[in-house]
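What follows are several structures.
In the two complexes below, chain A is the common chain; its partner is chain B in one and chain C in the other.
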Partner chain A sequence: MVKIRSRLCVVVLATAAFTACRVNRIQNDHSIAQTLYQGMGSDPGTFNPILVTDASSGMAIEDLFEGLVKINPKTTLPEPDLAQSWDISNGGRTITFHLRHDVRWSDGVGFSARDVLFTMRAIYDPRVPNSMISSLTVDGRPLEVEAPDDYTVVVKLPRPFAPLLYAIGVPIVPEHVLGKALATGQFNRTWGIDTRPDDLICLGPYRMQRYVPGQLLAFKRNPDYWMRDERGGRLPRLKGQVLMIATDRNAMYLRFISGLLDVYRPRAEEVWELQQKQGELHIKLQPTGVDTGSRFFAFNRNPRHYIHNGKMDPKYKWFTDINFMRALAHALDKRGIINLCYRGLAVPAIADISPADRIFHNPNLKDYEYDLKLAARILDEAGYRLLRPGVRGDPEGHPIVFELTTPTGNPTADQICAIYKQDLAALGIKVNYRPLEFISLVKKLDSTFDWDCVLIGFTGTIEPNNAANFLRSSGNLHIWNPREPHPATPWEAEIDRLLDAGTRVMDPYQRAPYYWRIQQILHDQLPIIETVREIGYVAYRDSLENFDETTWGVYKPEWIQFRH
Partner chain B sequence: MAEWRTLPWIVRGSSLCLLVFYAFAVASPWIAPYDPVRQYRDQPDCPPMALHWTSGSERQHGWLFAYPMKMVNPLARTFVEDHSRKTYIRFFYRGHLFTTESPDLPWFMFGSEGLGRDLFSRIVYGARVSMFIGVVGVLISFSLGLAVGTFSGYVGGTVDNLIMRWCEIEMSLPQFYFLLALAAVIPSGLSTTVTFFLIVAIMAFISWAGFARVIRGMAAAVRTTPFVEAGRALGASRIRQLRRHIVPSVLGFAAVNASLAIPGYIIGESSLSLLGLGIQEPAASWGNLLSQAMDPQNVLHYPWVLIPGIFIALAVMSFNFIGDYLRDRLDPAVIR
Partner chain C sequence: MVRFLCRRLLLMIPLIIGITFISFSAMSLVPGNFLTGLAMNPQISPQVIRQMQAEFGLNEPLLRRYLNWLWQAIHLNLGVSLQYRVGVITLIESRALNTLILSVSSMVFTWLLAIPLGVVVAVKQNSILDRVLSSMAFLGMSIPAFFLAFLALDFAVWVNKPWLPVGGTFSPDYANLGPWSKLADRVDHLILPVLVLGVAGMASLMRLMRSQILEIKRADFVRTARAKGLPESLVIGKHVLRNALNPFVTMAGYALADLLSGAALIEAVMNLQGLGLLLLNAVQSLDVPLVMGSVLMGTVLLLVGNLLADLALVAVDPRVDFGSLASQ
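So, the complex of A and B:
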């Protein structure tokens, strides 16, 4: 009898396991509570908006703080935020921002121009490490910011600087709370993740209510928020938001399926299932558009890495040889990657700036077609001949072998590398693939320079000058040879010149040719080999109203609400 | 042959199973129909394909054929048979046991995995790792355990005491974590063979201690038996006593335990490779093939990713059944 019982138990468990995947939506009270539940990949690192560098911390504080202006994700133009308007005078050298009078910090103190000056001071403080300073620097000098009265901020520039409005929207922090810490050099230790939610003095549409590490972040509506809808109604319309932390993508997906999350950005392999189950799960699925960033193979051109015992490693010659790089570009099967890794939901990336950036994307570049025979011919003609079947050597007879790395824990990147490795093996090039922990990879890229080839992704920005840190030869993120004292090659010098020239012209359409040329140079010189760009999707409960997500972000998030 | 018939059916089945798996390992280039790393990039996650009988004049191509699969919906990864073409299966063809006439139109017996590689060919090549890891590992750890155990048990005294305490220290290490730590320091760029032997060596050096302790106990017991004492009285040297009396009397036990320890190695390698610390892509082992099944979505939509798990289970069970049988036959303590 005991035996049968246990067997029955197994059967029950097995059916439970199978049906769990398509269990009916748990009746939840998200719509009654008007609380939106979203997922988040990892715990935040800090709640201090100036110190934020990672995506999770950014998500945690994005609804708590605001800047002078914000970028409309649909028009990709700057719009008023804390500044209700601005004037440009003196030939583009002076910009005057008129601040809102009706904004209060969550402790009741009024927001004023002093907070803006303080925020700029914090960003330019050499003791405060932050990622905003590079885009707020013109010709190596900080902006001159003044406040003639409590509600006016004047920014003076040494020369016309077109990207200013795309860089000035940094989150403003309160002087009356953090001022003392900055003066005493304690700023970096303020507002860590152990801060009590009530001590985060903010002014955005929401306030933080609760943070449970590893589980969730809860926000409630800011009752004093300044924004109103067309009929004068209070915004935001939601009463609260919750970010559920789940490091495992499968767990996050199952939570969305079971109704615990209201919004989910599916991976390509989940899109089909969600599309089929839209009715059953009461969800809507929409494409958001082509990824704004770029993911590429970068090759180390840093001579400092290649000198061993006074001798130059031959890899340096390969990676700076345009013929070698052209052959490598022709060996990348982008169609195959799109099919295998993205289920067709991606487009080949040709230019470094995404087509999502309609003005600055260069549409005229011709891709390096996948053609192993052509790649082999280019290598043969450049003197890289087969030493023996399956092993190619350089003109001096060194067999071609290099290391390929990428951050761990990304199955798609693993697959892209496996595909590339296979095609390079067909050309007789041996690739040793080894993924690395993100932290140790960053260390290699930034300080030890001990790497050959890396597959890495960068996020995109609407304003191309915000990528100057990557493009400029002296940039920190100039990945193939960071912080060059002088441009190492004529074309890197040209990119530097184009970046300077491109910021002097104010009209976006007249600026575009400079950035098109930069993309052309990267495409021709191949310090990086672009891969593909994913076509993003978002799935959300169909009871959500006004939910409108673009590839640049959610449009009018304050208007989102659950249907009553 | 008469012996064979008297064996229980389960032992016969297990032996056959192992024979097949070792044939996979020894003759993998011949048994595997395709190159195990070739990526059929238009056929990822393709289901196992059905076979059909040929008829009439087609017979000249062979008795069996399959319709190539065409991906009709890349988003859902659904395939249909392409009835406009046929791919014929031929035996003893182009240096393979069986394969299709053209390697460009493959027949996926067990389907294909996420990068469009033939799962069956990868399982066959994976047997090289998974089937030999046990044997090699057991050889290392048991020769070590046997030598140390008999020596310690026979000599006794302080030496015995020291050796046994050392064994206990080794046994008290949390084995899997220790294994993980050691596997993580294996440098990149080593060939699969070298990685393989490093993993075996690591596993063997972790597991010899427990075995040495048991052997030591047996050796200590045998040392005081009359026949050993008689040998000593007749003037046999220590080496001779060890070789002629002590070792043979524990060997039966050792053989039984060896066959029961092999599954541990297979499982150990599978777990390491499943976590990405063992045999690295694109080389195949049953463990890293199974890692695709870690994603529940994959198991749900492409259940054939579980097939490598069946092979692991079959190999482990076969070794256990054979080990059990050997113990019943050889161990005098078991009452039949």
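So, the complex of A and C:
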């Protein structure tokens, strides 16, 4: 026994000794190092800007590469970037970009129009699957891009196409580095996440310094960056940036609280706590604006789903009956959802385009007020009467029952569905709620069409034509009835026409009425019922200066610095 | 011995093929594939998805894809991850060292504490020490590890000391540190994860040790040892402990497979760059080559660990020989 005890003592002592002999070192101070620490949800998938399809890869390369134009998050209008100006001629069919002369790649080679041509070639290469090609294709044809000299790029279009200025800002990649890979068909395997940071030849405000998988991405300032501030000072003002990878949201929150991260975008339930602790934690908390996307209930109007053994399922009639859909819209308690699921930090969504999209959002729509009595009356008048207490039937006497689904793993979506299910039950409509694994759900929405009602969200972009795949009757994301051979209804035909016409006018303010009309049609015809939009917040150290974030991104990020 | 080894090694081949084939089919029977999730992205057209489908060879029949994979695997090529477009071996390598450091240190911590404590509580059966340690063991077993990890992080925020960091494998300025500071930084970041991983494992090991000792303490040869006047420490240390260790030798073999399997939940909460999370993500996004690479690695480690455990058992316990092992 003595022997065992002494052995145990040795172990305990050794452990204690090891933890006691600490090497003291100075705590890393972000403001002295002028290095901004931010969080990131997952590892990047690639460092090749053309191949990016996920948000994390996009974040990783955002500050390394630039495009011809960039979008100002405050005005939501395109602004010069690598192109210092552009002219539109030939009635909108020709756009001439004048490139900056003072831009160099990080290996010292000058940036020129050849790199722009090469980037476009890579995007149009059939061996390079990428997400940019669809917005750079007009009526199924690629753009004609020419370079009359080293600093001029001319883009010729088959017809005037306004969304081009929002799509042309693709990150430009260096021809002298990647040209060979594209020629030999190796492009898809270049600049993966195993690339040495020095081999990523870039020209943006930062250069990559280090990537540690699962841990962090470190960037240092590009000393040759072309942009200057109003007094001619070098930009960016920060000396470096670090993106810390934290898969778990709660862990990320704790890291912000403990001072490891300088910027954090809190969830609704964390906003209040951060507000209380602003002074104690030396942080500022600011709303960034209304969410850019839209989350809605979609109802399956696809006849292919409803014909079983030659008989039409009655659901098809309900979901295409405007009275039925209006009653369903009046039964959605948006106020209750905002208070219960978002702690009051959300606004009812009325139009399909978010109010964050200043120019294209239609502010004139009147919401369907939450009113169960009115909903019951509309149903009664349209012939959907109570068969017995608590069970409503359609005019042919079928009891109204349908399935509601949403991707699993989202507590807010679960709550919204629960609230809606309860209100519909009060009307005598039975809803079977069954969340599905994302991939299985996509399968149903995209190919088997075996669903009734789904709660789903899309992220938004400033350019409304990016949603064409969803709005157009032939689109594969036209969720309520995808890939229609001909528009199934007159109003879907009208949306198709408006989408075409809306791209032919070059001035954003003159384009807006077309998209306002589309939002009006969706609002009146109700193939989808909009829910609510969250109000975003950002919390950051109060020693950060010039930090100004909108829902579309950070405004003038090059000016950010820590107070000295 | 040689015959036994050859037999066991030959048996591994059908086992590996069977296990990998079942995993491969299971991955393929799940509805959808790696590209299905991309279909909901309005920026990605169906043509692009069809192109990628062809590029990754996802259109071919199951058996053909499996045989292709197997043929490559035999040539030590585990293919390219669909998510990252980087070799599977590169990806696993980049995380393996961290997982290894974490699992070895938590295993050492667990075993070094659990076995002596198990002996102590067994010797002092029903004493206050036994009661206290046993209740702590039950508590440790019943708290889910990921929850314990959250509590630990909360504790670190509350303590707010540089030597108790809030998750991560090392500090952001790690690359600029000297070698000793680097080591210290690593150790700092290991304290909480090792404690969290250790507490759960320790509880069950300690209970097992206790019951083993209690059982053997009543055996005839222990009474004989006492009767011939051996001091109690020698009875426990030499006769009881050696006999009680048998199940632990087998367990150590299984532990070899655990070394590289990682702990996904703890890794997610504590932000450790381990294999567990990489593989969890791979399974969720149906990145077949990455999942198969890890299945193969885990299988080989498990089989080799088992073999080593059996060899060690022969060495430790004179009652076990190769003949009896082979006939099992």
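Heads up, the rule we're going with is that the second predicted complex is superposed on the first by the 516 of 564 C-alpha atoms of A that agree within 3 Å, B and C clash if a C-alpha of one lies under 4 Å from a C-alpha of the other, contacts with A are read in each partner's own complex, and residues count from 1 in each chain.
The rule we apply is simple: a contact is a pair of C-beta atoms (placed from the backbone, for glycine too) under 8 Å apart; a residue touches a chain by one contact, two chains touch by 3 or more.
Predicted model only: the values in this text are computed from it and were never measured.
Asks: Touching A:Asn250 in the superposition: chain B (first), chain C (second), both, neither?
Replies: After superposition on chain A, A:Asn250 lies in contact with both partners, chain B and chain C.
Asks: According to the stated criteria, A:Ile168 is in contact with first (chain B), second (chain C), both, or neither; which is it?
Replies: Touch partners of A:Ile168: none, neither chain B nor chain C.
Asks: Determine, under the contact definition given at the top, whether A:Gln422 touches first (chain B), second (chain C), both, or neither.
Replies: Touch status of A:Gln422: first partner only.
Asks: Which partner does A:Trp272 contact after superposing on A: first (chain B), second (chain C), both, neither?
Replies: first
Asks: Quick check for you: in the superposed arrangement, does A:Ile439 touch first (chain B), second (chain C), both or neither?
Replies: It touches chain C, and chain B stays clear.
Asks: Touching A:Arg343, do we find chain B (first), chain C (second), both, or neither?
Replies: Touch status of A:Arg343: first partner only.
Asks: Regarding the shared-chain residue A:Ser131, is it in contact with chain B (first), chain C (second), both, or neither?
Replies: After superposition on chain A, A:Ser131 lies in contact with chain C alone.
Asks: Using the superposition described at the top, determine whether chain B or chain C touches more residues of chain A.
Replies: It is C that touches the greater number of chain A residues.
Asks: Once the complexes are superposed, what residues of chain A are shared between the chain B interface and the chain C interface?
Replies: Residues 250 of chain A touch both chain B and chain C.
Asks: With touch defined as at the start, can you tell me which chain A residues reach chain C in the complex?
Replies: Spelled out, the residues of chain A in touch with chain C are 1-4, 7-8, 11, 18-19, 22-23, 25, 27-28, 37, 42, 45-46, 51, 53, 126-127, 129-135, 188-189, 192-194, 210, 212-216, 218, 242, 244-248, 250-251, 254-255, 257-258, 260, 438-440, 442-443, 445-446, 458, 466-467, 469-470, 476-477.
Asks: Which part of chain B faces chain A closely enough to touch in the complex?
Replies: Residues in contact with chain A: 37, 39, 41-42, 44, 73-77, 114-116, 188-189, 280-282, 295-297, 300.
Asks: For a test of understanding, state which residues of chain C touch chain A in their complex under the given definition.
Replies: 30-32, 36-46, 48-49, 51-52, 55, 80, 83-87, 90-91, 94-95, 98, 112-113, 116, 119-120, 123, 150, 153-154, 156-157, 160, 162-163, 165-173, 175, 177, 180-181, 184, 187, 191, 232-233, 236-237, 267-274, 277-278, 281, 286
Asks: Could you please specify the touching residues of chain A with respect to chain B in the complex?
Replies: 21, 250, 253, 268-273, 275, 333, 335-336, 339-340, 343-345, 403, 414-415, 418-419, 421-422, 432-434
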